[in-house]
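Structures are listed in the sections that come next.
One chain, chain A, links the two complexes that follow: it is found with chain B in the first and with chain C in the second.
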Partner chain A sequence: MSDFDIKNIAKLASINLSAEEQEKLTNDLSIILEHVQALSSLELDTNIEDVFIHPLEKELKLVEDIEIDSLTHEEALSNAPESKDGKFVVPPSME
Partner chain B sequence: MELKNLSIRQLNNLFVDKKAKPSELYSDIFDASASSESLLHAHLSLFEEKNLENAKNSDKRFEKGESTGLLDGIPIAIKDNINIKGELTTCSSKMLSNYRSPYNATVIEKLNNENALYTGKTNLDEFAMGSSTENSAFGLTKNPWNTDYVPGGSSGGSAASVSARSSIGALGSDTGGSIRQPAAFCGLVGFKPTYGTVSRYGLIAFASSLDQIGPITKNVDDARIIYNAISGHDALDATSIDNNQTNIPFDKSAKIGVIKELMEDGISDESRNEVSKVLENLKKQGYQIKEVSLPLIKLSISIYYLIAPAECSANLARFDGVRYGLRVEGKTSYEMMQNTRAEGFGDEVKRRILLGTYALSAGYYDEYYGKALRARKKMIDEFSNIFNDVDYLISPTTPTAAFKAGEKTSNPLEMYMSDLCTIPANLAGLPAISIPTGLSKEKLPLGVQIMSKPLTDLSLLNFSEIIEKEVDFNTSPEGLEK
Partner chain C sequence: MNLKPTIGIETHIELNTNTKMFCRCKVVDTDEPNISLCPTCIGLPGALPVPNGKAIEYITLLSLATGCTITRKGMFHRKNYFYPDLPKNYQISQFDLPVGESGELEIILDGKKESVEIERVHMEEDTGKSTHSGTGRIDSATSTALDFNRSGVPLVEIVTKPVIQSAKEAVAYIEELRQLSIDLNISEGKLEKGNLRFDANISVAPSDSNELGTKVEIKNMNSLKSLERAIDFEISRQTKAFLDGEEIIQETRHWDEAKELTSSMRSKEGSADYRYFSDPDLPNMILSEMFIEDIKNNLPKLPSEKRNDLMNTGLDLQQANILGKSDTWIIELYFKVFDSTKEYSTTYNWITGELQGQMRKLDMNFPPEWFSAEVLSEIIGLIKENKISFTSGKTILSEVLQKNISVDEIASNHDLYQENNEEKIVELVKNVINDSEDVVRRIKEGEDKLVGFLVGQVIKNSGGSVNPGIAKELLTKELDL
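For the complex of A and B:
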């Protein structure tokens, strides 16, 4: 696990980690990743096309493209930490 | 006998015959939770006042002979990752501690159509990630059989609620055993249906290709009644399938397979003995039993802990402090997002998000996630082949009986191992049930798991009922009210 860079993974996952968390999680994840190495001994069909997105169905069922009732604007905003003029409010993207 | 100890069918008969009323049952149930809740912490919210009117409406329907079926007036507890409109759905996470759902999950719409009542929302491991209900941001739940022990997880609150008679049945969700394992630890029936037969719409997603809603109940018939009510195709869930059930034999012509790999190392003698006891009984009745081998089962934890975290890392990306849930301020949107997720998620959730992010990241996708998907496909093929030979597969539900609170929290891998027997059914989308069969030396319940091929849920329930009748397990925990 020499190339396991917890800071980079945390950045990709958008989670700030304390130094203590970084150390603990590096240790935990190394143990888990070592365990899953057991899969490397398997001879597997490498045709990724066969891989499914549903354990039972080859294709998912499509539904008619018809308009149905959905959440109102107000309902959709009802749990927002901050909203204004019917929109979500967020801090600026750049300082 | 107290109403709270009866089955759904027995209660319905009493209501129809006007020998009891749903509102009396409702009071009985809330008396039970009043005495047990401070000991167990099964619920995150209780709906006593809110549903009293509905209970009285059920009374009126029965009085007029206009009841809407078996679930009319039956109090059911709902795991707090399933949305009920207007109620909190916290997923036991700080991230959603104030989230009030603006819509009903499909299973709730279906239970509403039956006029079922709700007792409240039950505790769980945060976002359903865990096997002990110790990962809740709002405190752990205890096992009604012995409060030093965990109730299992992640649907531990649902199991504790039914076990303590604070509800007649409960809904849980099962991604790697989260219905069956707590049911086994609390001496109850836990049923994970065939993947896709119960809509996931309104269930807060953890790992979408594995999550499935199902019942936790005192007996198999109650599980069947709830399953019949909540199953069926739903256009709002793209993975929902038509519930076209196939009948397979459940009488003596049924062929039973015992999974060799789940009777070996890593499984306690006590868990193995429960299976042997059931097999002995089936043999006496004239059932054919053979040992079968599914070599990939030994790798199911490895497959699962790549696929489930990968899906979790994608599903939980939505919690970013913008549209709902917690927000922790930052100078920029990105900083706000990072701070929010650092503060809002607990340790286990962070661990799984990071593991999944790593497994999906550039350069590692094929080595981890891609390989796990192919191994999953191979495991499904193994199950398909076995089901050409046998109708039902029997194994322990859990490697051991319930463990003590705090015993496994410092070692994530050891905690993951407690799902060894239950994970394969999720990976293969199979229906699987846990039935309580006996007690350990410490007087804690043990269960036996039965699996069958996809879309044979009703036959599986019928077969399970035969075992249940022979075993005759008393599901009432002793000494709870002492």
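For the complex of A and C:
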């Protein structure tokens, strides 16, 4: 059984799902979640100080605050499907 | 039923680094769109972020200045959501391990020191700017145009605990935070340019309740005035809804400056909806003890310390707070003039009132190079010694701001030095008394106010060179009052 709302997940992922797709994905996701449930049977050390949470053990390198050449304006816009007055133009979008 | 409002503020501070947060594109302040972009800040596939060391230094500085505990082993997370101004479809931010946690900021509210608890200080990146074109109303736009110059500019987000109780307190908090970011030299702190942007989380609950009400987030407040109005409006709206038994919905509301009201934008996404996860492109961020100590040792004077220094000269908290939020040259001028005159109140009034007022009239941002603390000290000294009147002091100040000429020269040229020779003044006083028999009789009959008329006559006959206080004193004596 699922305890998630497939419609909300589809909305967050910005995809449209048909009724059949919703049903199929609900089943698939439920199976995946059941598998993942196995993890909760593990005893995990939750002390952040002791556990390195990031999968990579490498340490982050920082760079100096000095600019380097960027793309030209023309290069930046060259792949834009539409542009106007130097701006990228996309379908209307607002919240 | 008595209700109490509770407010938490989220502030975004745009850092004044040369380059962006995760790439080395220059941070530009221009209307020319899309001129400072690279594959990283426009989210092209395969581009990798590398954090700006300066930005990390600045956020550590701010965290330390607000008394936060620094997270030594930190990391970056992806905050996922779709919006065209965010080309990667996620914002690099920090989730459970912010750079700073559990601090506080001293603020001045109604002439008293208060403290606002800080929950967290974390690092993130700014988005691009969208403009919606169409027939006017935002929801009837036909297209959205995007400028990504701002995309990836380093942003520090500072979140308070829900401890603020009024709109006025929220304003005092932002004023203090703004001053702090300027004093730390990590941001321009210009609200009108969006260097500081704030959202407010507001709820109301019965006064005797230990639980907070449902919180509503208010966005789009661009000035301190709109912050104050929006919070006041929202508290009234929620109070009315609560008393009417209506349910308060957890949502984001938009402040409409023109209509002076908040309206619903969207139902609020919960934290889980952002599907935060550690950014695999960015390994753990370790801040070494040495890095933190270095920053700690180089902390500049904080606004609260500046206020204390100013209060040590004699100013009250309110005056120290106003002066402390002035430009550095004004504060330095105050200390120099105070050192020489030892008159804290007079110096404060001359600098915050006369000097800045006259400079505004003359459209000056800085006084001319020949204007110094000595000049102002001299003017204040001459007034104190009754050598010139207060009005003459103002005249001298105005002239010295416009011409490179000494105080003494101006006073002499305009005959501003007052007559302090008592014999001469007594003679003037006697002459006035002899010439004003009728007025003198009325004064003797009880019309005390007419003394002022005689003072005026004495000053007039002296050509303005007599100090009114001395003239009045001698008149009173001569008239046996």
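Criterion: the second predicted complex is superposed on the first by the 79 of 95 C-alpha atoms of A that agree within 3 Å, B and C clash if a C-alpha of one lies under 4 Å from a C-alpha of the other, contacts with A are read in each partner's own complex, and residues count from 1 in each chain.
Everything that follows uses one rule, which is that contacts are C-beta pairs under 8 Å (C-beta built on N, C-alpha and C of every residue); 3 or more make two chains touch, one makes a residue touch a chain.
These numbers come from a predicted model, not from an experiment.
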Partner chain in contact with A:19 - chain B first, chain C second, else both or neither: neither
Touching partner for A:73 - first (chain B), second (chain C), both, neither: second
Chain B versus chain C as contact partner of A:4, first or second or both or neither: first
Between chain B and chain C, more extensive residue contact with chain A: B
First (chain B), second (chain C), both or neither touched by A:59: second
Chain B versus chain C as contact partner of A:38, first or second or both or neither: first
Touched partner set for A:84, first chain B, second chain C, both or neither: second
Residues of chain A contacting chain B in one complex and chain C in the other: 12, 14, 48, 52-57, 60-61, 63, 71, 76, 88, 90-95
In the complex, chain A residues that touch chain B: 4, 6, 9-10, 12-17, 21, 25, 28-29, 31-33, 35-40, 42, 44-46, 48, 50-57, 60-61, 63, 71, 75-76, 78-82, 88, 90-95
Footprint of chain A on chain C - complex, ascending: 17-19, 23-26, 32-39, 42, 50-56, 73, 75, 80-84, 96-97, 130-132, 134, 138-139, 141-148, 265-266, 273, 275, 278, 280, 282-286
Contact footprint of chain A on chain B as seen in their complex: 98-100, 102-103, 194-196, 209, 233, 235, 238-241, 299, 301-303, 305-306, 313, 317, 320-327, 329-339, 341-342, 345, 350-351, 353-355, 357-358, 361, 368, 370-378, 380, 412-413, 416, 427-429, 454
Chain A residues within the chain C interface of the complex: 8, 12, 14, 48-49, 52-68, 70-71, 73, 76-77, 84-95
